[in-house]
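Quick one: the structure is below, questions incoming.
A, B, C, D, E and F are the chain letters, set down in written order, and residue numbers restart from 1 in every chain.
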């Protein structure tokens, strides 16, 4: 995929028009509070993964509507001192996977919480969480389920799950290990990056955000230039529902990472791929450029949506380590 | 798409292994009776379509779970004598469409009832009916929603809607026009053909079935040879859920058109396309060859899933006209 | 297909360079008069379509060179008062189809005349009309047959057929029904839209034109940006006939809808699809922006060449109805 | 393209059902004689190609209907003794090309006559010959023009051109060079191979035939298994013209290389590519296995339609050289 | 990718013709001994990966020709008792990757040695090892480098590297950890599976082999049916080098996993994907069915070359754990 | 492929940033002198090609590192007076081919020397020359072999071969024919065009250069916009080797045709294809616009990488003929 988006200068200066609804904050706070009000507690069952350096629990926590959401909690078997915490959100189509499949941040010495994504997890990574909500007519996939109403939109449920995951890890980690649940990092790629960004804007316990090639950003532009992936589901829906375009736009405005970014304050490390035709770079910069906290972005000049891949995982390991050392120094 | 399935002789003799569960009939009768027990009545609002030869009503009838399902009821404006009735089911991804979009059988002198498909109708034909049921992890699309349990499977709801559509048209048509609701024909293509076949097996009021390139037939073979379309969603799901293969097969056995075909008794006109890589011809013959009523099949030698297209509509117009004349003669 | 053409502002302001040859009007008037001078009369045989609300005749009328061109004439069986007339031209690759396939405007109360396209009708809609003219070396398809000379170009014959169709319907409709042949509308999509536009510019009896995603517009730009479809046949021909580029351009200048548009005066409803890679939106706006009559354009933001599809048919039903009411009021 | 046709044993033993019409020979002799009866003489104008080892004439000869067909006649500038003659027919979509483009057999010491193909020559090789015949509705391309009637079928005209090319070279070559026009070889690839095979069956002056991956063989099978190329035009036509299938088959039976092969007597060198999805190997063997003269076939195991390519040209140079030496020895 | 290979029964019974050269064993023993004779010792530098549960060394060991080959040696930081050893070989196009990228078997309590693949590692996983050998004309990729001569073939070098990796780990592991280097397992997917199979046949220290969707098996069939991937490089080479087919076959016979399989004796767990169009299932069964040791195969019915993926990693964790327990019991 | 690069004005004015390293000239002169210093003489064996107008020798000459490089030397059998000399370089993936495959310039009266490309010649044209040099990790293909270091880069070897080819033909031609080796033309397409351009800049004996759709020009832009072909290998390598981007750029700067062009002085005829997505037109103009000698460029408006094809060969035949006449006149 050669270049197809703005030139590099244009990318770096990209600012989207502000489409944030006036009641954006109320919309989210009401939703989160409603979920919290339903109560419920996370549960955790030990799992024999076959790994010996990591212990793993199969977690069920109350998400949107108090509905059960699954996660893995991975802990290094041998620790010294309280563990920092990392919460991961998963990319589109995948789920939390198998319990021995990704233990990276636990191997690096964190309590590592991998949230499943409701309804997904049948394409490239296994999921175990149902989405017990129907939908009006929708384009195949998840991105247009409930699109006619912000209250009913699929990503409202998923985002509230993601906020509640932070609540859950705070409640849970210290049961099994000495964990510093006041210092939680969120991380995610693509859809997971969009969720990490939203949670950075919505949950005050987040102290660091690692946001890779995020989805759910700058919808007005994304639906016109993305060439593959979930943004094209939105375009396909509007292709068919020709008289629902403004209604779809209104719904999406509540879910735009550009709005979440303005509200976030935790230090953030973004990554962007300059040849990404799923989450085009201009849409990532649109969020990055208004991000409210300390921030860095790593550009991958020749990458499509794979972005920095494992290479960037190394950048993140170093960044988070330095950030934590800085934080400790600050204290 | 050149030939890829069995040679012609093999197609014409194709018999699938019988995978019908012992409680197949109970499964369906219980489901249908439960829906009927919920009561509810169809309603119909007149629509100004801009057409002058046809009058159209926007119908809402109680389907599975008593949930509202939409349909169009098209009637010729000028009639003499009681009208026969034709019920159409729609292909995968589409909905009932716009009210002036397909009035073929009304233009040909029938009361024509076009059922919407719940949840669908955002890809190639507009839909207006919600499917208010969630799902466990599913592959994008509709074919794997609830696949883990026959009671929860998406096509249970849709099939019961389709049976209840026949109930609805019987209740409704005579409100607006003199209609002979004891002589109902069902027609459909692809998914619509699979539903027409199921209803022919499940509803005694069906007196003729026109079943084109049907989906939902001979799943055990279809998931191995279909090259595009909803059967491949099933294969994709089992690709990911490697330990759910036998469970998926168990669910699908309740929905196989091969079982419905054995139970049907109304005269049927099938069509099959010999180069169809979405609903492969061997899977169509597997149902046709065990169909329980008088039957004919029209083979389209050089067609893919478009099958007989508009050409076959002409074949159907003649077939149904002759069948009706024969029925009258018989009486 | 994401955006690939000019930004929306650029589209709406798009003006093509004027390449109209000085003898453009003489070229067409001479051609049309020569065809008329050959005389001949349309004939119409009744057809049993199986439809009961519509009566249909199989028409043969003298087109270019007096050669027989086929059409369907559909009439509502029950009428009150003189019928308005609608003439449809068909998209590239298709023909007039089967007689029960499209009776929309007859169902809506018009005399509906569907012209076959000579030589075409073997790809997606059946045709019955020969093009008894050979060609020099041509690229597979119709768009380069006779391209070396405006007099010999395939679209000269087809356009004159289209003009003569209006002559034919005027002569014919009143034989079967009370029709107002002084008020004829033309309608068409893609190639059919290009022909409707040409006829709007060439035939004074046209009182309304409905022109959807038209082909045959702004050739100089279209051959450089269209990504699929008949424009690419022209590019392919020039790719091979590297020394014929200016000659091809000279021929095409006589067939450019931009020139026809300037000459048209009837009220027109255009549609354009902003993601159309077959008839790119800038080429449609190039014609629309210079159209000589009262005009409206409906933009379909997320559509490729399917444009407004059936949705737009509803827009047209309302537009034409209102236009006719306005016309009656005016009278 | 991996293997898709019969296994090797099946290929080598492949025999097609005989579909040759009873009047096959009369059909062709009548057509050829009618063309000859129209008289006309080839003309040849010298061309400055820029080459110094070869002299070239631009030939026009009377083909089907006496219509002008173009060709190149290439002669080695320096000769000793009478030259053998090679006639080439061109593959589908191409024409005779530019005059310096292919002079292979002249460089190898023959009078080399390259026949243009009427109407073609705008895709991959330039053509200069018109096909001044119209057609009923046809699928884009040449393979279905006039398909409804053997007398009108495009390949009747082209085949008669090809026979008349041999007449022309016999009349012409000795004007410019001492040539042995009693010993003419024909050569061609794909469509050109099909024509060389037909001419080998139809023209007694042919003394050697080099037939590479021929098209126009075993139509009944080819239309079902070819995956690309002109056979698929035939399948596409029958896909649309569902009620013309037997008529198309009837026409094609007059043009099947399997019938020509049985009538040929000149020594022949065939080539076949075992992964050829345009002219599948089974269709080539169907002709080869019934070829009436001395014969050899060279199998290219890993090639698609490119077949033996330039490598096989070397095989042909040696084969023809040895054949000529044998012939001389025989004399 | 639907089914394209033999039916399931045929797969399970598949036996390839034996093409093993008479000097197969000498060829390999000579090559391995020559490499060992060059001496050299592995070196290992500690790497800071950012992981805390695993310690990693960057290894350089002498491979073919004594040339430096890179590897990672991962060890669990906390151990009790001697560690078993697992050696991984990498799939085509990849390299050993980044040091924190795959530590699975170390996390599961083994000394885990990940061998780089010379020359590769620029497509989907980073490599660091040069292949300091040129080649005659080759098709892009690695599979035809040196194909003209078994002694020069690329996979001779890689296979000897793989044997020497086992030598290296035996020499090295005990430097850093108590390891049981008499009980080494090999594991690999695709190319890595082919190498694991070869090493199981060539190195007596191998006590368990986990071989997933292996490449390098049953070349005579594979080059005819594989639809993507490195087997098609071989087909492409023979497509061009039409006169080298038998020479290529002769070379490949020295590298066929079918021959290695017959010589192996360690218990093996294979996996095969029944819709695998890169390493077709029949070629995997051809090796499996003649494998010389205790064996099991796990079939993935709906998978293409991704095979069992992470799911199968779990199967392997259990299988190896049980095997080791059985081995201990045996002792 | 429709337009995708700059508009025509932008193309014609395109200037790339100058990235030429300070030691560019030294780099090349040192390399060439080192090769010459190794000595060695070309050898030539007569070949029986089957052609009678051309005599051919199979040449082996010392290239980079004194390593044997193959070529064909074709001479017209009959000559009068000293022959001019043309040297051809081959496009990516091909080799010198079979000896009777391309003798164009010999047929046109030149001594024609066709250089093989080391390591290539297994994709579309046969090669016979090995590249006896290994490589670090490389992307499949040739364009990234040795990319980490200008001294080791594959194209250093090939370019020096190309310079030494001119040395060889000067030494060799007069052995067989009276040749004017002081007036050598170079010609090539794509990779061959890039090499012809480099040699025009590096070898003073070059008196005319015919450079078609050249590769190896304006790397910084090409790797961002090329959509197919060898430039995308470079992008793919940098996609994976994310931390080697600047190192790759540094290497490529020594091989950029933009730098060679500035140093060339011989008259040149370029060709460029405006829809070329392999060697985009802007990258060709970047070299053309700074070319140091008399120059012309022929634009092919509707062509992709096939460019002017055989048509342009005719342009070259005339251009070179006129140039030679002009040169003679000058003398």
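Assume contacts are C-beta pairs under 8 Å (C-beta built on N, C-alpha and C of every residue); 3 or more make two chains touch, one makes a residue touch a chain.
Just so we're clear, the structure is a prediction, and the values are computed from it rather than from any experiment.
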item: Each chain counted as touching subunit C and subunit E at once; value: A, B, D, F
item: Shared chain contacts [subunit B and subunit E, defined touch]; value: A, D
item: Interface residue identity across copies subunit D, subunit E - same or different by half; value: different
item: Euclidean distance of C-alpha centroids - subunit B vs subunit D, Å; value: 51
item: Between subunit B and subunit F, centroid-to-centroid distance (C-alpha), Å; value: 64
item: Residue numbers of subunit A (touch at least two other chains); value: 126, 236, 311
item: Topology of the chain contact graph, where touching chains are joined (line, ring, star, complete, other); value: other
item: Residues of subunit B that touch subunit A when the two form their complex; value: 93, 95, 119-124, 126-142, 144, 236-237, 240-241
item: Residues of subunit E defined as touching subunit A within the complex; value: 49-54, 76-78, 97-98, 100-101, 103-104, 106-109, 126, 310-311, 313-314, 317-318, 321
item: Residues of subunit F defined as touching subunit C within the complex; value: 2-3, 275, 300-304, 306, 308, 311
item: Partner subunit E, residues of subunit B touching it in the complex; value: 223-227, 232, 235-236, 238-239, 242-243, 245
